[in-house]
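Below are two complexes that have chain A in common, paired first with chain B and then with chain C.
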Partner chain A sequence: MSATLIAQVAIGGLLMGLVYAVVAAGLTLIFGLMDVVNFAHGALLMVAMYATLLIHRATGLDPLVQLPLVALLLFGAGVVIYRGLIARTLSVRVNAGMVQIFVTFGLSIFLVGAAEFLFGSDFQSINASFLGGRSLAFGAIILPWPLVASGIVALLVFLGLFLLSRTEFGHALEATREDHEAVALIGIDRDRVFGIGWGIGTASVGIAGVMLANFYYIAPDVGTNFALIAYVTVALGGFGSIFGALIAGLIIGLVEALTALFIDPALKQIGIFLIYLAVLMIRPRGLFGHL
Partner chain B sequence: MAGVVRGTLAARRRREVLLGIAILAFLAVLPLGISNVYLRGLIVLALLYAGLSQAWNILGGYCGQISLGHALYFGIGAYTSTLLFTRLGISPLLGMFAGGLFSGLAAFLVGLPCFRLSGHYYAIATLVIGMMAALLAANWDFINAAEGITISFHGESWADLAFRTAILPFHYVMLAYAALIWLIAWLIEGSRWGFFWRAVKDDVAAARSLGISIYPSKLAAAAISGAATGIGGALYAQYVGFIDPESTLDLSLSVLIALPAVVGGIGTLWGPLLGAAVLIPVQQLSVAWLGSAAGGIDLMVYGALIMALALARPEGLVSFFQARARKEAAGHG
Partner chain C sequence: MSLERPLLETRRLFAHYRGLAALHGLDLAIAPGEIVAVVGANGAGKSTLLRAIAGQVAISGEIFFDGAPIAGLAPHRISRLGIALVPEGRRLFPRLAVEDNLRLGAYARRGPERFRPLDLVFELFPRLRERLRQRAETLSGGEQQMLAIGRALMTAPRLLMLDEPSQGIMPRLVDDIFAAIARIRAGGVTILIVEQRLAETLAIADRAYVMQTGRIVLAGAAGAIAGNEEVRRAYLGM
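Showing the complex of A and B:
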């Protein structure tokens, strides 16, 4: 096995890890803000991928051009989900935690069913995109452009989230997360902040969906696997920590790629599983989390 | 005062047993009046899920630990009994208890790291472990990987717990299973353990100050719950005659095991039975009526139903009856 091959696989893994990190960032942002785990997160990734596919088929717009559009669409979906479902679960007095779990699970099943009903369960893909088929060569290391672009966009998302945290809204977000009853006293509307938080969380997953649509198959249950990886990423990075999600995503992408290379592509998730078990045993709060 | 409380408690528990016997008698004669084979199968499945969900309820309801990975215990029970039967010729009548033993042990082992977590962290840990196990099983050649195992049929027999044309035997097998798990839950409710677990669920700090050791309590609940689920998995394998990772280890199964208790009333004696009676027919009929015509609508109905019931009745369907009972009691007082 040549060093070039290992380097190529490792860089590819890190780039894929950045995509995992963006999916996980959306999940951990919502969790950190309001202690709600979104079990429909994978389904929302799937929704973003189908949205990209449909817009591409209808208008011919390249996925890259669609980025802001789909992000906005998913932002809206997040706000609607918060207003329509999550806000209601927050006012439940008995079994509140259980209600949150099963409401988001129900939503996930509903969305997967809707996709199956509308588009069938066959795998689909975007065949002709601007990035598709192009690759980038660094000497002997050759990387597909869709993956490289996904990594760059992912880094931009994290830059955006970082800049957001320094704005006034970011401070309101932080304050609401600390104590959502006290912030009401200084005139911050909890529902507004939570709603926008959901919007940003789902917009992040939407951006990941657009970039994945460039090179990944699209099917109703495509989100399941990404959601599983996102839960592990969030657990490794620390629940609620955006920076943790970035580092954990990179680690998981790298481990996954190297397991596939050195052990067996069919067992690439074993490496991720072992990481998860290690986190569970050694550091349950994750790398950068507070439990 | 304490005597009065104990008196009403004993009376309530006596009433529960009487009601249980009445329901058992009703369910025992129910299939005799039904000739429709599909409907009978539906009832068999509802009884299985009543037992499975009661098993989940022991950990999720009484002890308050929401597990999203119970398919793992179901799968271990199904695979243990099936492998013992197909490879070594050991009767499932024994195999199901071996399955229960292994799945109880697995639940205990999963609990060791996971019970250091709480709330959502615990739910996610069980979900991840369950999904990972499904992935591993689908790649494990010893258990036929994703292809699954078919249980060959050598004639109707109670000794092998094998029936293909007769539906009545499995009706009584599943009824006995559901009744057994109900009885375990009933015994737990009245025992010191049940008291411990409810205390752990309601207020961890208060439970600790009462001298209850939280961690062993949760482990015990997990082991019992896992073992009870594993026996159900073994029975399912004999009923269907075929198992694979998708039908015995999938996340959707973990959810389906938990849902009857959630819908009927989490942490209650009657919730899982009531939830299974409502949910399983709805789920199966929507698959049968809508699934074939237009794939996906069945899932949409199922998902919408979960959201609606969880939001509308967080305390479960059983609360309809409790509210009436309370009103009557108030009227008498």
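Showing the complex of A and C:
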């Protein structure tokens, strides 16, 4: 096995890891903010991918051009999900955690079912995109542009989240996550912060969806596997830690790619779930968690 | 004392925790510019009273702030009207820096003047200015209390409610905090304070209410309550 091949696979794994990291960032942001695990996160990735596909078919707009549009759409979806569903579970007195699980799980079932009903369960893809089919060569290492671009966009998302955390709203977000009763004492509307938090979390997964639509198949259950990986990423990075999601995403992308290369492509997820077990046993709070 | 137009007034205020009443029909009134103390044994309902005014517990009855009804408003709306609470346990944002805790106090206000109260905060508590970039969780207990009061001042309140500001603080710092409270009132802010330290509190207060099991059992000038031996024995367990 050549060093070039290993390097190429490793870099490809890291790039895919950045996409995993963005999906996980949205999940961990919402979890950190209000202790709600969004079981519809994968379904929202799927929604973003179909949105990209449909807009592409209807208007011919390239996925890259659609990026801000779909991100905004998913932001709105996040706010609506918070206002329409999650906010109502906050006043539940008994077993609120269970209720939240059922609500987001139910939403997931609904969205996947609706996609099956509307588009059937066949795999679809965007065949002619600006990035599609192009690749980038560094000497003998050849990387497909859609993947490279996904990695770049993912890094931009993390840069955006970092810059956001330094703004006044970012501080309000952090304050709300630390003590959502105390923020009311200084006039901060907790519901508004939660709603925007959901918006940002789902916009992140939306951006991942658009970039994946460039090169990945689109089907109603496409989000399931990504969501599973995202849960592992969040656990590895530390619940609620955005930076942790970034590092964990990279690790998971790398491990997945190298497992596929050295052991067997069919077993590529075994490495990921071994990591998950190791985290649970050795460091349950994850790499950067502060529970 | 003129209470013709109180800044804050409660009428038959009840509060409940899961059906259990913690306040039994409280009537109280605070005139603009007063320092009013609420004293009473543990569990009397003092914290509940402050939380009820701040909108943090379910209540029935009426509360008027500057003549307008505020019962039932969301807590962040009550805060924006000019009522600040420095709660039991301080409730700072531990992982945010001192400066960010303070600035967030002005988050809901707009305009170029909104960080003006910082001057007063630094004048009252110069130690905070030296620790601006430190995380709130790394402050000493006394400094945390200063920060909690500072954060409340950043909301530019007209009524400042303090729940046991001396708790867990060494005596010398307690003096500083009481001095700061007197200074804050001198700046035109009305104060409602709950405290265990009777002597110091009644020394700066104009009036006091004595609470017992969710009721007001005595009200009067701070001096009269401070000097009343029977009150001290019966209601304050001293």
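What we mean here is this: the second predicted complex is superposed on the first by the 291 of 291 C-alpha atoms of A that agree within 3 Å, B and C clash if a C-alpha of one lies under 4 Å from a C-alpha of the other, contacts with A are read in each partner's own complex, and residues count from 1 in each chain.
Rule of thumb we're sticking to: contacts are C-beta pairs under 8 Å (C-beta built on N, C-alpha and C of every residue); 3 or more make two chains touch, one makes a residue touch a chain.
Everything numeric in this text was worked out from a predicted model, so none of it was measured.
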| item | value |
| --- | --- |
| Simultaneous placement of chain C and chain B on chain A, clash or fit | fit |
| Which superposed partner A:V148 touches (first chain B, second chain C, both, neither) | neither |
| Superposed model, angle subtended at chain A by chain C and chain B (C-alpha, nearest 10 degrees) | 90 |
| Chain B versus chain C as contact partner of A:D179, first or second or both or neither | second |
| Partner chain(s) touched by A:G187 [first = chain B, second = chain C, both, neither] | second |
| First (chain B), second (chain C), both or neither touched by A:E168 | second |
| Which superposed partner A:V232 touches (first chain B, second chain C, both, neither) | first |
| First, second, both or neither for A:L14, with chain B first and chain C second | neither |
| Residue contacts on chain A - larger count, chain B or chain C | B |
| Touching partner for A:A114 - first (chain B), second (chain C), both, neither | first |
| After fitting on chain A: smallest Cα gap, chain B-chain C, Å | 16 |
| Residues on chain A lying within both footprints (that of chain B and that of chain C) | none |
| Footprint of chain A on chain C - complex, ascending | 54-56, 74-76, 79-80, 84-85, 87, 91-96, 100-101, 103-105, 107-109, 151-152, 154-155 |
| Sites on chain A touched by chain B in the complex | 31, 35, 37, 85, 88-89, 92-99, 101-103, 105-118, 120-121, 220, 224, 228, 231-232, 234-235, 239, 266-267, 269-270, 273, 276-277, 280-281, 284, 291 |
| Residues of chain B touching chain A in the complex | 66, 68, 113-114, 116-117, 119-121, 123-125, 127-129, 131-132, 135-136, 139, 251-252, 255, 258-259, 262, 266, 294-308, 310-311, 314-315 |
| Contact footprint of chain C on chain A as seen in their complex | 168, 171-172, 174-175, 178-179, 181-190 |
